[in-house]
Amino acid sequence: MLGTVAPLQANLSTVLVQIVILSSLYALVALGFTLIFGVGGVLNLAHGANITIGAFVAFVVSSQMGYGGFVGLAAAFVLTGLLSGAYYLGLIKRIQDEPIMVMIITLVTAVAVEEVIRFVYGSQPKVLTLLSGRVNIGGSTVTFTQLVAFALSALLIVGMFAFVNYTRQGKALLATSMSHKGAALVGIEANRINLLVWVGAGALAGAAGVFLGSIQGASWAMGRAPLVLSFSIVVLGGIGSIRGSVLGAFVVGTLEILTVQYVDSSLTGLTPLLVLVAVLLLRPEGLFGRELVEA
Amino acid sequence: MDWSIPGMIAMAGTADEAAADETEASSADATTTTGDGILTVEDCAVSYGKVTALRGIDLTVGEGEFVAVIGPNGAGKSTLCNTVSGFRDYTGSVQYHGTEVGGQSPRDLVQRGLVHCTESRDLFGYMSVEDNLTLGAYRANTNTKERLRFVYDLFPALEDRTSQLARTMSGGEQQMLAIGRALMGDPDLLVLDEPTLGLAPVILDDISEGIEQIREEGVTILLAEQNVTFALRHADRIVLLENGEVVRRGSPEELREDDYIRESYLGG
Amino acid sequence: MSEDTASGRITEEGGRSLPSVPGRYVVGIVGLLLLALLPLLANMELGLGVPGVFVFVVDDLFLLHLTTALYFGMFAMSWDTVSGYTGQISFGHGLFFAVGAYTSALLNLGYGIDPILSIPAGIVLAAVAGIVIGVPALRLRGPYLSLVTLVAPLILLQLFIFRSDVFGGELGLRNPENFLGFGVNDAAIVYYIALGLFVAIMALLLVVTRSDAGRVFTAIREDEDAVSSVGINPAKFKIFAFVLSAAIGGLAGAMYVHTPVGGPTPTELMSTTVNVEVIIAAVLGGMGTIVGAAIGGIFVGIVPQLLDSSGWIIPGFLPVVGGTPVADIDFLIFAVITLFLLYVLPGGILRAVIRNGRRVRNSRRGDDGVATDGGQSERVFTRVLRGWREKRRGDDDE
Amino acid sequence: MDSDEGTTRGRQVKRRRFLEATGAGVAGVTLAGCVSTGGDDGGGGDGGSTGDTDSGGGTTTGTASGGSLPDTVSIGVLAPEPSSNPIGASIANAAELAVTQLNEEGSGPEFEVSVKDTREQPDEGRSKYRELTIGEEVDMTTGIFTSEVLLAVLDDIANQQTVHMTTGAATPEASARVRDDYESYKYHFRTGPLNAYQLGVNMIDFLEAKQSDLGWESVAVLVEDYEWTKPVSQALDDEIDRAGVEVAMQERYASGTENFTPIYDQVESSDADAALIAMAHTGTPAVVQWAKQQRPFEFGGIHVPMQLPSYYEATSGACNFGVTQNSATPQSEVTEKTVPFSEAYNEQYDSYPVYTGYITFDAVKQYADVVQQAGSVEADAVVSGLEESSFLGTAGTIEYYPPDNEFAHDVVYEEGKVDPVFQQWQDGNQEVIYPDDLTTADYQKPSWL
C-alpha cells in the first residue's frame, strides 16, 4: 500500500469551522431525542426514522413537486412533527409506562419505516438542495447549505431554549422532566406535555433530516447514524438537559472532526460510542447532568 | 407485630364510640348526597397486587376542618393521601365536593382545589424556588403575584432564596417550599403528608406556625402524620390508622385520654 | 418463604395429580417429536389443506431453513435467560453470538483449528464478554442498561470495520469449515445436530431457571432490593445470569457459523435487526419462560423465510405496496405483523395461550390459587422431573 | 452404486451422504467425478426418462452431453434489490430481456428466468442461491453484484456443481479459487466486469493514456474499505508509477462513510489535482459533497453509481464533471450489439441499463450459445464450452482466461476483447473520453476550477 504518505493535516481554523458547523447540526439531531428521554423517560428509537422521514418529505416537496428547498424544509418540519405526534397518540401513549416496550416498539417501527422508504424510493441516495454555492471561512470550504443548516439549527436550539425557560408550557415541560409526580401534583397533565414533546421532537428531527439530506444525501438508512449519535450526546450531556445536549453535541462533533483530521477516518463511528460507554460507566449522570432519576 | 394484642383489647373498650362515629357518618350521607363534607370516604379499600394496603376506610372531612390521620410507618397513611388525591385506584367511594375522585385525573382535582403535598415533596429540583412556586399556580385561576406574596409572608425563609435551586436547599426549606407550592394552587382541601418528617425542632416550629396560618385562611386540611404530638396539637379530629384499618377516631382530647394511644404513641 | 410454600405444594400436588400432564406440555413434546421426525417426511407436501395455498415441501431447503430457525431459537433462549428472568433487558445480545462465532471462525480460518476445538474457545470468549457486559450492568438500570447493551455490538461492529483486514468489516468473514464436515448436501444431519443442540440447551436452561438460582433470577426481576434484604447478593446472580446466557449464546453462535446455513457476518449475528428480532422472539413467545423464547425464536426464524418463498403477491387494492411480491418486502411485513402482535399481546403468545388454557382448566377443576407463570411451569417441570427420578431410583425419594 | 427406485433428489442426497459416511475424502472432488448432475437435472425435469439417464451413471457423461437438450433451460438470477436498486434491476431485466429474445428467435430450447434478491448480504445471497439450485434446480445461475456475496456462495457453487456466471462482483478471490482447486470451482466464470485487480490496472492504463488531456500531476487516492477495493488498491500501488502521476495522499476510508467534508479538507491541503477514486457503496454522498462544496480538485476513477444513465437526474446534476470507468454507455458503440441492446432495454423498461445489465445480457446469451453448441446443459460440457467460447457481446468480445491463468475463468481484459470505457458526465450526458476509438467528447475540467 502507499503507506509512505503521511496523513495530511488541515489547519486549525479549518478544523474549528468544521467543528462548529457539524456540532450544531448534531445538537439539532439529538435535541428531540433528549426531550423525549428527559420528559417521558423513554428512549425513542424511531428518532432516526423521523430524520429519514423529514429528509424524504423535503425530497418529495422540493424535488418531486418542485416547490423549492425551503418549502420542503417547512413541510418536513411540520409534517414530521405531526406524524410524530400521531405516532405518540396511536401507539406510544398506551405503553409509555413500560420503557422497554417503548424501546422495542419504536425500534420495530424504525425498521418498518426504513423498509417502506426503501421500497418506495429505492436504495439509491437522493439529493436535496437548499442553496447552491459556497464560501471560504477561515480556510475551510463551507457551502451555503451548511451555513443555512448551521444558522437554522442554532435558531431552533435557541428557540427551544427560550420556550422551555420562559414560557408557561415550557416550564411545565421542564418540570415534568424533573418530577413526574411533582408535575401531576401541580396539575400538569403529563400526556399533554408528552404529546407536545413528541410533536416538537419530530419537527426538530424532520428539520435535521433535511439538513443532513442536503449535506450528505438522503437514503433509507440515513437515520441510523444520527440515532446512535443521539445516544452518545444525550448521555454525555445529561438526561433531558438542553444545555447538556448542546454541550454533548459539541464534544461529540469535536471528537469526530479531530479523529478524522488527526487520527484515522475509519475510527469516526467508534469514538462517540466509546465516549458514551466511558461516561455511562464513570459518570452516569452526564457531564452537565442530573443524577439518575428512577422513573 | 406488637400492635395486635393491646390494640384488640383497647378496641373492645371503645367499640361503641367507633360505632357511633360510623353511624353518624353514614346517616349524614343518607340524607344529603354530599353531606357537609368537602371530602367523603366510604368503605374504601386499596391493594397493591396481593397486598391490601387499606380496607374499610370511612372518613369525612368537613369544610374548614383540620383532620389528622395518624399511625405508624406502613399503616397506610400515604396510600390514603394518594387515593384521596387521585393517584391510586380504589374500591368503595371517595368523593371530593360530591364527585367521585376515581373518574378524575389529578389535574382535574388540582383545578378544583384539591392539592396534595406529598411526603417525598416531589419538588422540581433543578428549578429555582420562584419557578417551583409559580408552577404551583399552574392550574389556579388566581393572581399569582398575590399568592406568591402570601407564601413569602408565610415562610420568609423562601423569599431570601428565590433563585436558589430547590435541590440545594435544606430539608426544612424544601418542606416549606413544598407546602408553599401546594398553597400556590389555591387549595380548598390541602392534603399534607408527613410535613414534619426528619425536620429539626426549630424548623418544626416554623412549619407549625405556617400551618396554623393556613388554617386561619380557611383552608381545609387533611394531615397524615407519624408525629402524634404534632397532630394532636393542630387537628380538630384525629383518625388512627393501623395496618390499613381505622382503629380509633375522636377529638385530640379524647385520644389523649385513650390508654392505647397513650401507651403506643405518646410514650406512656 | 415463597419457596417453602411452593415446594410444599409441589409435593402435595405431585402426589395427587401425577397422571394428568397439562396440555401444553403434551403439545411441547409432540412439537419436539414432530421436529425430530420431520426429515423422514422428505418430499411430502405440507400445507393448510387448500391446494396452492401455503404449501411447502419438506426438502433439504426446508430443513436448512428450519436449521436457521433452530439456531435463532437458541439465540432467543439465551436472551431470555438473562433478560426474561432477571429483567436486565439486553438490546445487544448479538454481541455474544458474534464473539462466539467470530472467535471460532477466526481460529478456524486463520490457524486451521478444527471446529471441535475452536467452538469451545468461542464459548469461553463469549462468557468473558458476558462478564464485561454483566459487571457494568450492576451499576445501571432501566434505559441506561439498555443503552449500554444496545451500543456494545455497535462498538464491536465499528471495531470490525476499523480492522476490516482481520474481521472482514461490514460484510463479514468467509465461511469457516463445517462442523464435522457436514455441508449443504447433508441437510438432514445438519438439521439433527441443530435440533440436538436446541434440545440440550433448552433442557439445561430449564433446569437452571427452575432451580433455586432461577428463582433468585425471577426475584431480582420483581424486586431487587427485596433480594438483597434477605441476604442474597443479587450482583452475583446477575453476573451468573449474564455469563450463562453469554456462554449459551456464544455456543449457538459458534456452532452456527460452522453450519452451511450460517456465516460470520454482522447481519447474521450482531446487527441491530438481529438484536431486535431476538427480543421480539422472546416477547412474542413469552418472556421468562425459556420454552416461549424457543418457540418464538423458531417462529421469528422461519416466518420471513416462508413468506419469502411463498410466491404470494400483495393484493393490488392496498396502497403503495399493492401488486408487489411478498418476497420483496418480507421484512416490512414481518415488522408490521410484529408491531401488531406486540400491540395486541404484549405479554407474549405463549403466556396468552397459557392463560387461556389455565382459565379453561381452572374452571373445569374449580381450582384457583395458581400463583405466577413461573410457579406454574416450575411445578409442572418439577413434577415430571420427580416422576422421572422416581422411575429411575424406585420409591425411596420421599 | 445404489440403484433403488424413488425420486432422483432423494436418491442423490442419500448417495452423497453415503459417500460422506464412508469417508470419501474431499467431498467436492469425489462427487464431481462420479455424480452426473446432467442425469439428475434431466431426471428432475422429466420423470419418464429417469431409468435411462440413471443407468448411464457417472461414467457416461459424454453420452449425456452428446444427447438432447431439455425442453426448458432455467436460469437463476441473483440481483441486489431488483425492485429498488438500478444495479440489481439491470441484472434482472437484462436477463429477462435476453431470455425473451432467445425465445423469440425460437431456434433452441425454451429459456426461463427466476430472479432472487440478495440484498447485498452474504447470508441472504447464500440462502437465495440455494433456493435457486436446490429448490428450483436451475441449470445455471448468473448475477451477484457484491463481492462478499459471491465469496459466500462460492462453496455452494462447488457443491451444487452448477455453472455460475458472475456479472457484477469483482473480487479476484473467485478466480484464484478456480485456479487453485479447479475440479471444485471450475463452475465459476466472471463474464464481467474485469476483476478488481484489473480494474485498478485499467485505471492506470487510462491515466497513462490520457495524461496530457487530464493534466493530473498529483492525485489523492480515495478508496472505500470493502472487499472489492483491496485488489484495486494493490494494483494502484503496483503500477501507478508508470502513469506518471504523484500520489499526494492516500485514504482508505471506512465503509459506510457519509460525511466527506473532513476527507476533502485533507485532499485540499494535500494540493492534489484530482481525487482518484474507487467507490461503489459510498459513491453518492462522496460525489454530491464534492460538487456541492465545489472542491478545487477533479474527480474520477471507478464510481459505480455514476455509471447509472439516470444518475444525473437522481443527483440533481451533482455528478457533472465526474469521471468513471464503465463497461459501456447507452450511446457508445463498444460493439455492434451495444446500442441495439441499450435501446431494446430502454424500450422495454423505460430506462437505460447500468454496466451489470450489459454483462448479464452477454452472460445469458453466451450461455445459451454454448449450451446449443454443446447440445447439453450438463455442467461439465458447459464449462468446457465456455472455456473455448469467444462470444461477441455488448461489452466486447467475451473470452475467459484458461484454468492455469492467474485469473482463471475471468473475462479476458485486452484491447479488442473487453476493454472498459471511461466516461465523463457533461451536462446530463455520459460522454466517453477513453479509449480513443469510442470517444464522444473531450475531457472537461469542472466549471468552478
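All chains are identified by letter, namely A, B, C and D, in their written order; residue positions are counted from 1 within each chain.
By definition in this document, a residue touches a chain if its C-beta (ideal position, glycine included) is under 8 Å from a C-beta of that chain, and two chains touch if they have at least 3 such contacts.
Predicted model only: the values in this text are computed from it and were never measured.
Asker: Tell me, which chains sit next to both chain B and chain D?
Answerer: Looking at chain D and chain B together, the chains touching each of them are A.
Asker: Tell me which of C-D and A-B has more C-beta pairs in contact.
Answerer: Between the chain pairs C-D and A-B, C-D carries more contacts.
Asker: Quick check for the class: compute each chain's Cα centroid; which one is farthest from the centroid of chain D?
Answerer: In terms of C-alpha centroids, the chain at the greatest distance from chain D is B.
Asker: Taking the mean of the CA coordinates per chain, how far is chain A from chain D in Å?
Answerer: Between these chains, centre-to-centre, one finds 40 Å.
Asker: Can you check how far apart chain A and chain B are, centre to centre, with Cα atoms defining each centre and the answer in Å?
Answerer: Going by mean C-alpha positions, chain A sits 45 Å from chain B.
Asker: Distance between chain A and chain C based on Cα centroids, please, to the nearest Å.
Answerer: Averaging C-alpha atoms per chain gives centres 34 Å apart.
Asker: Using the touch definition from the top, which residues of chain C touch two or more other chains?
Answerer: As it turns out, chain C has residues touching two or more other chains at 161-162, 324, 328.
Asker: Got the chain D residues that touch at least 2 other chains?
Answerer: 83, 225, 254, 256
Asker: Per the touch rule above, enumerate the chain pairs that touch, sorted by label.
Answerer: Pairs of chains that touch one another: A-B, A-C, A-D, C-D.
Asker: Which residues of chain C touch chain A in the complex?
Answerer: 89, 91, 136, 139-144, 146-148, 150-152, 154-155, 158-159, 161-162, 272-273, 276, 279-280, 283, 320-321, 324, 328-329, 331-332, 335-336, 338-339, 342-343, 346
Asker: In their complex, what parts of chain B are in touch with chain A?
Answerer: Residues 85, 87, 105-107, 109-111, 115-118, 120, 122-127, 131, 134-139, 181-182, 184-185.
Asker: So in the complex, which bits of chain C are touching chain D?
Answerer: These residues of chain C touch chain D: 42-43, 59-61, 64-65, 68, 161-162, 164, 168-172, 174-175, 181-189, 260-263, 265, 267-268, 305, 309, 324, 327-328.
Asker: Along chain A, where are the residues that touch chain C in the complex?
Answerer: Residue positions touching the partner: 37, 41-43, 91, 95, 98-101, 103-105, 107-109, 111-112, 115-116, 119-120, 224, 228, 231, 235, 264, 266-267, 269-270, 273-274, 276-277, 280-281, 284, 292, 294-295.
Asker: Can you list the residues on chain D that touch chain A in the complex?
Answerer: Against chain A, the touching part of chain D is residues 81, 83-86, 221, 225, 233-234, 236-237, 247-254, 256-259, 261-266, 268-270, 284-285, 288-289, 292-295, 305, 308, 314-316, 318.
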